[in-house]
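Here you go, one structure.
Chains: A, B, C, D and E, in written order; residue numbering restarts at 1 for each.
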Amino acid sequence: MRSENELIELLNRDLNLLSVKKLRKQNISIRLENEELVSGLNYLKSHSYIHLATISCVDWIEDNQFELIYHLFSYEDKISLSVKTKINRQKSRFVTIKNLWGVAKYYERDIHDFFGIKFTGNDNMDELILENWNEIPPMRKDFKTRQYVDKKYDWRQYHGQE
Amino acid sequence: MNNKYESNKWQEVINWVQKRSLFMLHYCTGCGAIELPPTMTSRYDMSRFGIGPAATPRQADILLITGYLSTKTLRRVIYTYEQMQDPKFVMGFGSCTINGGMYWDSYNTIKQLDKYIPVDLYIAGCMPRPEAILEGFLKLKEKIETGNADGYKKYNKEYETYKKNQEKVLGEVKRRQ
Amino acid sequence: MILNIFGFLMMAFSAMALGLLFIGIARKVVARVQKRIGPPFYQPYLDVLKLFTKNSITHGFIFDFGAIMAFGGMITTLFFVPVGPFVLYGMNGTLLLVIYLMAVAYLGMAMATVGSGNPLASVGISRALTQMLGYELPFIVVLLTLIYSSNTSSIIGIVQAQQSGFMNWNLINIPIGTAVAFIALLGLMGKKPFDAPVAPSEIASGPVVEHGGKYLAFIMLQHAVSVVVKTALFVDLFLGGGNNIFIFIVKMLIVWLLAALIGSIFPRFKVEEGVLFYWRWPLIAALLQAVIIIF
Amino acid sequence: MSKDKSSIFSPAVSFKNLFKKPETIKVPEENKKTAKRYRGFHINDLDKCIGCGTCSKICDNKAIKMVELENVKTELGQRNERPKIDYGRCCWCGLCVDICTTGSLQFTQDYTYINHDAESFSYIPDNKNINKIESAIGYERDQDSELLDLYRIEMQELDAESRVQSFMEIVKGFSKKQAEKEASRCVECDICTEACPASMNIPEYIRGIYDEDLEESLKQIYEDNPLPEVCGRICTHNCESICSISHRGEAVSIRWLKRYAVDNVDLAEYNKILGTEKIHQVDKKVAIIGAGPAGLSAAHYLKLMGYQITVFEAESKAGGMMRYGIPEYRLPYDKLDKDINYIKNLGVEFKFNIRIGKDISLSDIKKEYDAVFAATGLHNGRSTRIPGTENNNVYQAIYLLKQITKGEEIPLTKKIVVIGGGNVAMDIARSLARLQKKKYGQVNVLVTSLETEDIMPADQEEIEEAREEGVDFEPGRGPKEIIVSEDGSISQICTNCCVSVFDDDMNFNPTFDDQDIQNYECDMVVEAIGQAGDNSYIDDNYDIKYEGPRIKVNDKQQTSLPWLFAGGDIVRGPDVINGIKTGHNAAQGIDEFLKN
Amino acid sequence: MGKSKRTEMFFGPNHPGVPGNYGINYFYEGDTVVSAEPNPGHLHRGFEKLMEEREWIKNTPLVCRICVMEPDINEMVYAMSFEAIGEIKIPKRAAYIRSIILELARIQAHIFSIGGNCGAIGLYTAMQWGVLTRDYILDIFEEITGGRVYHIYIRPGGVRHDIEDVTLQKILDLLNDLENNRMPEFQKLIFENPIAQKRWKNTAVLNQEDALSLGVTGPALRATGLEHDVRKLMPYAAYDQVDFKVPTGEDGDAWTRLKLKKDEIFQSIKIIRQLVNNIPAGPVSLNLGNALKYKIPAGEAYVKIESSRGEYGYYVVSDGGLKPYRVHVRGTSTPLGLYGVETLLPGCRIEDVPVWAHSLGICPPEFDR
């Protein structure tokens, strides 16, 4: 069982961190280079961070970047660790981690559905949640749901009872 | 198909029978479905009115649209509706079926159910309480008895309009009988 | 001849009416176990009538033929089972004939299933046929024991052998066999825990998945008749039959409600578990009973 | 695994239910009563509702639309709009009920509405819900579910003891944090805009403060008001008295927020922010008579349109009543100068110490200018004309205030009575209190007014503050006679009880009860019962129409003489914000007039 | 009759056995599933997008719709992430009330789930009773919050209303009824039912290794012998104030999970009793100002709580504006409902597929979102 500070020390020693932040009690977030993410996750997995809660993606449209956040948890340390990395928004391609966690396959597919990010090595990138989607991936910030809705559906015009 | 119901008296008898026995398709299309179990089971027990669940669309009389319909579900609902045998009735649960409800600005849900399939009754609520659902069933029975629950006739008559609306949101819809 | 045909029709319609009534009463009773009020007892009549008013869709000739065969098979069975004083055919050997005829209904269903081409239906019917293997074995053993002990294979003969009083009922004579037969009856009627063929939550009501409207009405009537046939058979064989139709019906109702109640508190077996179940304790018990009777 | 108990007979226990009453509720014959707090259909008290539209803003689903109704009350601060609720959208979350500014919107316990017609699911709730029935009230807001911020940030002020010592400004103003917190209280209902005589974009500039974007605030403010430093201090703030938050809590401090916004932008930045570094010039000349709020406002807006503006002012400094009527502790002169300087910077020409009709005649001006805007204001005091007012020690507030501003010595005695219940009475009473404190070390000022305290026209806070500073009040009393002792000095003022101020038609027509007489000792009396203007400069050459005592103008401030526009207190008011509005109006009118 | 032939089956979305509007497409040979693929998305409403479009307060009515079985956890975890980013500390009484609500919701969800599991194997009486029992808990909810299913009760800064003493007493009465009357009935009918045991034992087995690598949490993980519960690992609300055990099992099959759920109901009853008896006086909410103008500083939080099915997490990013910049929902059953179908379902019998889905707590709305 490590404390937050011990963990930060350990990570600083063994990993090439871009930044590390203690968000709050039992919550730490670290940032890694693209190339070092898989090896970093591998390292963490072998250091009791075996629980991959989910993979989040954030569209920082102003910085022209996508941020991928891998939420890990260690049952030993009882620390929730967010591992982040940023990728170019135009390239929108990253490597899969399905060899570390098989379940990541579906998380990645989900992200592909909603952000249009492809994951090299994960070959099944069919639509998972959406069906016949041919617009900008909906969770990107430049997809405007109101405009899309106005175009595709229409509102009920109430009359009478005035 | 309506030719054989020419005689009014005969039609009245048919309506009377149909109203007393309704099979409801057990299809949870949205969150309103969570109030169906209480309606079906001991606390409210809709079987008192001769309404029971049916496992397949072929056997069902009522299609309940329990709230929002994503486009993906809409496709299945259209299949299901077309598989059901006349006479068939559709009830829309809650806000989402009327004008989009909570998901009025969602890119993936339809806003007005009656553009895609005819709806015989709407129940207000988000979601409607079991009591309201039961009252809805009673009202539907009234409508059936007076012969006003004719959404399915409308569907046959205005099939092309419905088809156009369906295809506007879904693209091509594979149809099967 | 005309009288005969009239008798057939009367018999068939009464059996349907009685069967639907039984189903209605069972629904009501089961509802009470489930702490609710339940539908009115006449609900099944309305259901059937309603289904006849509905449009229905066919899936080809085999589908139609299968449905008729299932219904017809069950009606035919009815003519060979004495219901109280009403006996149409009472010749020797009817017991085995009845067992055979009952399978015809299933075959009809199987044909309809093939006609509909729905995988759920085919899973259902294959389960039904598999399950038949299960319950028929102990049931036949018990029946053979019964034929042996009554010295006749005619149902009427077996009924007559029990006429001289309660102590002569086969229930008393071959109690273990009766119990085994009752368990087999549950399977025969497709009551829980042996309702895997129609399990709604697994295969969406199985064989009848594609039946709608009038077809479903026929299936429901067939079911109603089968309730009458099967309970009547059981009453005939083990509960002393009856010359008084009312007493006979009460006996049938007791058997039927007992089955319904058991169904209300048990989940269903998986189909092979069901078969294995039949081949284990009921079969052993049936054989044991046979040994006791024969020796 | 073997430890799990199992028995074929255990489940049979369930059969006991065969002999028990089913637990089913027989809907519809016996309906279960919903919980008291159930969120059923909406009802709305149409009289209480002010049409602020906050419910529509908080609604997650755009289920609430404000629609105009004809048969609802529309007093000031009420709009004729009422919420129309779409049950094709509503999710019964109750945020609208929680936030309703008046508490008119409520839930009932009724929840069943079934219809085949989807169009019928939208309705305007009144005291009956969608089923057209009255039903028991369901869910109600309590202090925990409150979504409004009902209480304002307390403004830091000098305490009574130290403020009575000098003419230092009392109100300290908001800090950044305070201002943002206060700005966050606004629900942006826009009702204040309707109540503001100048129709300022109040929600927009408050939003600017909340968004930490003071430049935006300044822009919004200058749309309608070129004297924000003044208005941020001494505006009569009609907006606050009808603020929708004030129905259940305290109004947003709109005035202080405006003050915060302008106080915190440097004058040097104004031109850049407001985009007035370069103004397109038009070759037409406009004369403005009077550099009060109306005159300055008109000068500002006309200047922005490019006209050549000359302002004639009788006094030596611009500001009019704002400078000479309002004491410094309410409006420091440097703040007033900031506003005026900005207008000066725009290129407006000021000619001081020129009294129209005396130093220059109106016809002279007319010759030289294409249009004239007259905003000469009300500079003469009114007298009660009761016996004794001819005494030397009876003064009129308006002159005293001007003298104080100019730094002249004013007569002062130890016991002073002020007659009047308006803000001018407060101003003079409090100024006198300060002077008394300085000279004698104690305050002895008594204010008598016809109105009782609840209907006194002065601001409540003014009265409170005056009281704290040691001013005494005898409201509800009419002056009857000033009793002059034999040596010619005032000894007492005799008052009688005022029974009512207005008659049934709401006209000023006080009635008195002569049985109830009170005398107060005093040696000086100040009358502050209103002011009068002097329009004599519009001499007989001009045939101008009047409407009662005021000059008749159309909605663009144009008088019956097309080239002459009038505004300010001589037309409407008297207050600053109306002056600004009429000035702005006149600017538009003059622009139209000159373009044609 | 289709034996030993590879046949495709569309299990759901329109099928009585699926838990909600969700599909599994599988191939079967004989009676055994050989390969399976999830077919989710029928309930996709684009919640995450909608939440980016709405002000902070307006999301409170929205979030509870994400999981209809147990809406309160969504409200809770959303409020918690708001409070974590804004560094807001809620009053103590509010924390207690939140815990009470969450535990009631847990009981409700467990009972419903037990009922659903019984429905999957055909024990309809138990299903009827399960729903009936749940309804009495909903009555309590209605009294506290004003809504039966969607409560919209836990909001940033506390809870929306205080609970009156009368209602607290009603909760205790309900728990007594549950403990003394209804649970023993379930015990007899379900847990001592030999056929039910036969159906559940060794069915839908999930071993510890798979559970950990999939990221499965909650009863499904605890049924494999690990005592992992977010309430203990990262205590929130008032869970550090109460004494309770985390039940575990060993076999990891449907039966163990169901027994665990039953045990957890008793633990929850115990927790609620402690909370009700020790509830401190005081305010139940903080006034965060005008709801239209809630603003929290820029920041992020991954907050998780223990739902009836396991870890429920929200990743919320704020850019300091009036609306959340990004909300990502980690529904509990996401790993099982998607990847689990592909890896764990093959080898399962057709008739066990509904048991599999129900006992592992597949809840489609939370991964469709």
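In this text, a contact is a pair of C-beta atoms (placed from the backbone, for glycine too) under 8 Å apart; a residue touches a chain by one contact, two chains touch by 3 or more.
Just so we're clear, the structure is a prediction, and the values are computed from it rather than from any experiment.
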Common touching chains of subunit E and subunit C
B, D
Could you pull out the chain whose C-alpha mean position is farthest off from that of subunit B?
D
State the pair with the higher C-beta contact count; candidates are A-D and A-E.
A-E
Central chain of the complex, centres being mean CA coordinates
E
Looking at C-alpha means, what's the farthest chain from subunit A?
C
Between subunit B and subunit E, tell me the centre distance in angstrom, where each centre is the average of that chain's C-alpha atoms.
29
Centre distance in Å when subunit B and subunit C are each reduced to the mean of their C-alpha atoms:
35
Between subunit D and subunit E, what is the separation of their C-alpha centroids in Å?
53
Taking the mean of the CA coordinates per chain, how far is subunit C from subunit D in Å?
87
Residues of subunit C touching 2+ other chains?
31, 33-37, 200, 204, 264-266
Among the residues of subunit E, which ones contact at least 2 other chains?
15-16, 41, 44, 46, 49-50, 53, 61-62, 125, 128-129, 132, 150, 189, 193, 368
Specify, in ascending order, the residues of subunit D that touch 2 or more different other chains.
11, 14, 22-24, 26, 60, 86, 88, 91-92, 118
Interchain contacts (touch definition) - all pairs
A-B, A-D, A-E, B-C, B-D, B-E, C-D, C-E, D-E
Residue positions on subunit B within touch of subunit D in the complex are 42-45, 48, 92, 95, 97-102, 104-105, 112, 114, 119-126, 128-132, 134-136, 138-139, 143, 148
Partner subunit D, residues of subunit A touching it in the complex
156, 158-162
Write out the stretch or stretches of subunit A touching subunit E in their complex.
23-24, 26-27, 29, 50-54, 56-59, 69, 71, 75, 78, 80, 82, 101-103, 105-107, 110, 114, 127-131, 138-139, 143, 145-146
Sites on subunit D touched by subunit B in the complex:
22-28, 31-32, 41, 60-63, 86-92, 111-116, 118, 121, 130
Would you tell me which residues of subunit E are touching subunit A in their complex?
40-41, 44, 46, 48-50, 53, 84, 212-215, 217, 226, 228, 233-234, 299-302, 304, 311, 313, 315, 317, 325-326, 328, 330, 334-335, 338-339, 343, 368-369
